[in-house]
C-alpha cells in the first residue's frame, strides 16, 4: 500500500486561517497591553462595549467591504454611501413624511442602488472596480452636499427614542466610586453588528455564493472553468457591499442622531485598514470573514490606546500609521517565511519515489 | 447506429482578431470511445475543445449533443449538459481546499455540507490513489497531484463526454497508467472521451479513433489501428517526415584544452536540490535525465541562480566567479530557457520584438537602450532565422502559438550569443515539427561551439540530442551515461537502480 | 503604409481621452464662443485654456508618477497628496528659516531638499511594496492616514505663509514671460520624463515587471528594484507637485494641500487607457487624461453647475466614459454594427449568417 500517511502530514494551515489566527493573537495582545497599561479605563467592560457602541457603523462597513475584498475587488465608495444614507434618512425623518421603517427602507434602497450600479458595471461591463467605486464615491458625496450642507439633527420622537434606547446587561457592569452598580449598556446598533457578523460568516463559509467568492478571488479564470458564474458572483458581492453600506448609514444615524457631511468620511480607508489587520488581503481569495470584526477591534483599540496615552492629537494619526506599518510588515514577514519554507517542504515527487520502492 | 454518436459538430468556424483558428471543422464522438484529437500547435485543437466546453463561442457551425442541436454559452452550460474537461493548464482554485476544488460549481445545493463533502472527496482520492487530503489547500499540492485532482473532478461528474487536454504532461509513467485504467473504465461505462496529447505512443496505446487538424482545418478522421504512426505525423505536419531519423548527434567531444566552459562544485539551492558537481565542455550537449521532480529542473535553475543559491562554487572558463542572480549568470554568458513558458518565459502583452531583445537589452544595461531601428532589425533577423510565424514584430507574443512563443524565447537567448545555453523542456507542449527543428538547432549550435544542457521528459529525445546524460533521482545525481549507443533501457535502468 | 498603420494603431489607446477632450471643447464652445479667447494681463496670457493648463500642473506631474507605479507594481499609491504636503512643508520651512533675503538659490536648495524628502517617502512606500510584498494601496494607506499630521508638525503652526517675490513668481508669472510659470515647469518636467524614457530602458523594464515579474527576474531584471524605483520617481513627482502647489497658494495648508488628488491622478491614468492592473503603459495618455479631468472641472464651473453638485456630474461623466470605453460594450457595439452592415449589404437572401450571428448574442 501507498504510504498515504506521509502525504497527509503535508496538510498545512491555509493562508486564510494563518492570517486570521495572527489577527486574533495581535488583538488579544493589543487588548492585554491596554489592560495592563490603562487598567482604569480598559478594565471596565463598558469600554469594550463602547468600541462597538460608537463604531457599529464602521464594523458593518468593514464586513461588506470584506466580502468584496475576498472576491478580489475593492469598493471605496462605502464611506460616502454611508454618509449619504445618514443625511437622506435624517431629511426623511425630519420632513415628517416618513417614520423609522421608511427611513430604514430608504437606507437599504440607497445602498442597494449603489451596489447594483457598481456590481453591474464591474461584473458585466468589466470596468476596473477602483474607478467605478471612485465614481460612486463622488456621486454619493455630491448627492450628500446637494441634499443638505448643514448638519441636520433628527428630532422625530420615535427616532430619538430609538437613538437613546440602550440594552442593559444586568449581570455585567462596574461599581462606581459611590458604590453604585452601573450595568453595561449596549446600543441596538451592536445587535445589528452581531447579527450581520454571524450572517456573513455563515454566508462565506457555508453558502455556495460564499465559496464562489473565494474561488473567484483566488483565480478568476479557473473559477470560470470550474463552472462558477463569475460575473454573477462579483455582481452579488458588490450588491451585498452596497447594501451593507446602506445599513451602516442607518446604524450611524442611530448612533449619532444627526445627518452630517462629514459622516462616514474616511470609512473606506479605515475599513481597508481594518480588513488588512484582520488578515484579509487586497489580492483576493485570502481571509476569514471573522477577521473583519477582529481587525476593526484592533484598529479601534489602537486608537483608544493612543487616546488614553494622551498623545497630542496630531501625533495620534502618526502613531496609528506607525502601528499599521508594524502590523503590515509583521504580516508580510510571516507570509514570506511561509512561502520560502514551502519549497523545501513540498517534495511531492520525492514522496512518489518512496512509493515505487515498496 | 445513429444513436451511437454522442457529439456531432459541423462546420465549426472560429476567428480571433487577425487569426483564423478554426475553419469549417467537423468532429464526431461516439459513445464509449476514446478519440484522440491530434495536430500541431496552432492547429486548433484547444480552440475546438474550448468551444465544446463553452469557454469560447463558435462563430459559425452547429453542435449536436445526442442528436439535438445545442449551444454552450458558458462552461456551466456545458457542465450541466454532461461535458467534463481537464485542461492543459490546471484550472483549479489554489486557495480552496482539495475537496472544494472537486465539488465546487457543481450541483444545485445552496449550502455546503463540509463533512459530507470531505468524506466523499476522501473516498474518491483514496480510490484513485491520489496522495492528497481533502482538507488540504490546493496550492500545497504538487502540480502532478493537482492534475490528478482535476481529473478526479471531471471523472466524478458523471459526464457523457470527458475531454482531456494534455492531462499527462506532468504525470509520471505510473500515474499515466492509472489514468489510462480510469479512461478504460469510463469507456466501458459508455462515456465518450476526447484525448489530446503530444505523446504519440500514448495515442496508440489508448485511443480508438483519431481526428487530425492542421492550421485550423480538418485533415481527416481515422481508425487508430489503420493509421501507422509515421503517417499520422506526416498528416499532422502536412509533409512526409523523413528528417526525424536524420538527426544524429556527434560523439561526446573531449576538447584538448580541458578547461570546461562551466564547472560547479557542491552547488545547491533553496529549491532543495542536494549539492552536486557538474561540468560542461565547449561544444558539448548534455542533459539531466530523471523523472519529473527528480531535481533536474532545480539543478539547472541552481546553475542559472534562478533559485537562491545556498552553497557551492562555480567556475566559468576555469575562473572562479560568483553567480548570485540570473543577471550574474547572464553576464557570464549563460542563457536559460525556463520550463514554464507561460509563467517564467514570455512577457505576454509585449511585442515579439520586445520579447526577443529583452535579455540582450538587460545585458547592455539600463542606460543603453537599443534604438527602435536596431531592435527591429535584430528581431526581424531572428524571426527569419528561426522561422517564427508572427504577423509582425509588433504583435503581442501572447497571440502566437506555443511553438512560436518558444522560438521567440530561444531567439531571445541566441541574440545574446551565450557560450552556455540551458534549455529546460524546450519541446514541451509544442508540435512535432517545431520539436524536430529545435533538436536540429541544438546540434547546430553545439557544432558552432556553444555548450548546451538539454532537458526533456521524453528520454528518446534526449538520447537523440545529448552526448552525455546526468541521471537524477530524489534530487541528487545518481550517475552519468555517455556513449553514442545509449538506449532508453539504459537510462530507465539507472533511474530504477539508483546508479548502481 | 504598414508602418503608418502600426503607428496609428499605437495611438489607438489615445482615442478615448482625445475624443473626450474634443467633446469638452465643443461643449465649452457651445456655451460661449469666446472659449479660446486669450487676454493679456501684465504681459502674460490668461484665458480658459491657459488657466486649464495652469490648474492641471500638479495633477499632470502626479499622474506621470502614478502611471509608472501602476504599471510596475500593479497597484496605486494613494499617499501622493500627503507626500506632496510633507515635502512642500520641508521646502517652506527651509525657505522660512533660511533667513535674510530669499534668493533664487534658497528656493532651488529648498526645492532639492524637498525632492530628497519626496525620495525618502517614496523609499518608505517602495520598501513596503517591493521588499515586504505589501499591496501598494495598503502600503501607502499608512502615509495617507498619518502624512498630513507629519506635515502639520513640520509646519509647527497652521498654514505658514510663503511670502517672497520668487515664490510668487513661481506660482504665477515671471515678468517678461507670457506663460504662467507652473505651465512652463510642467512642460519642462514632461520633457525630462520624455528624455528619461528615451535614453533609458525604463519603459521596457517597468512593463516587463508589471506583466510578468518571474520572467523579468529570469531575464536579469530585478523586479523589486524596478518597483522600488517607480516609487522613488513617484516621490520626486509628489515633491515637484507639492512645490508647485505651495508656490501657487503662497502658503502651506497642511490639511488641504493636494487633498484627495490621488483620486484624480488614478482617474487620469485610467482615462489615458492604462490598465490599473499594471503592464503596458502610456504616459501620453495619462497626461491627456489629467488635462481632461481639469477641463471637466472647469467646464462644470463654466456651465454654472451648482458647486455642491459638481461631484455628481463628475461621477456621471466618469461612469459614462468608462461604459463607453469598456471592452464589453465596444465588442457588443461592433457586433451590432457588423450585423447592421451585413443586413444592409446582403439583403434578406443571405439571412443564414445573420441568424448564426444572432445566436451568438447573449
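Structural remarks
Going by the order they are written in, the chains are A, B and C; count residues from 1 in each one.
We take it that contacts are C-beta pairs under 8 Å (C-beta built on N, C-alpha and C of every residue); 3 or more make two chains touch, one makes a residue touch a chain.
Computed from a predicted model, the values in this text were never measured in an experiment.
Here B-C and A-B are compared, and the pair linked by more C-beta contacts is A-B. When each chain is reduced to the average of its Cα atoms, B sits farthest from chain C.
Chain C has its Cα centroid 31 Å from the Cα centroid of chain A. As a whole-number value, the distance joining the C-alpha centres of chain A and chain B reads 43 Å. Contact residues of chain C toward chain A in the complex are 75-76, 128, 132-135, 137-139, 141-150, 152-153, 263, 266-267, 270, 275-277, 306, 308-316, 318-319, 322-323, 325-329.
Residues 57-61, 71, 73, 304, 306, 325-327, 330, 336, 338, 343-350, 354, 358-359, 361-363, 365-369, 392, 394, 412 of chain B are the ones that touch chain C when the two sit in their complex.
Chain contact summary for the complex, chain A toward chain C: residues 74, 117, 121, 124-128, 130-132, 134-139, 141-143, 145-146, 149, 269, 272-273, 276, 281-283, 314-322, 324-325, 328-329, 332-333, 335-336.
Those residues of chain B whose C-beta lies close enough to touch chain A in the complex are 53, 55, 74-76, 79, 85, 87, 90-97, 100-101, 104-106, 109-112, 114, 126, 129, 131-133, 135-137, 140-145, 153, 172, 174, 270-272, 291-294, 307, 473-475, 496. Contact residues of chain A toward chain B in the complex are 2, 4, 7-8, 10-12, 14-16, 205-209, 211-212, 214-215, 217-219, 221-229, 285-286, 340, 342-344, 346-353, 355-356.
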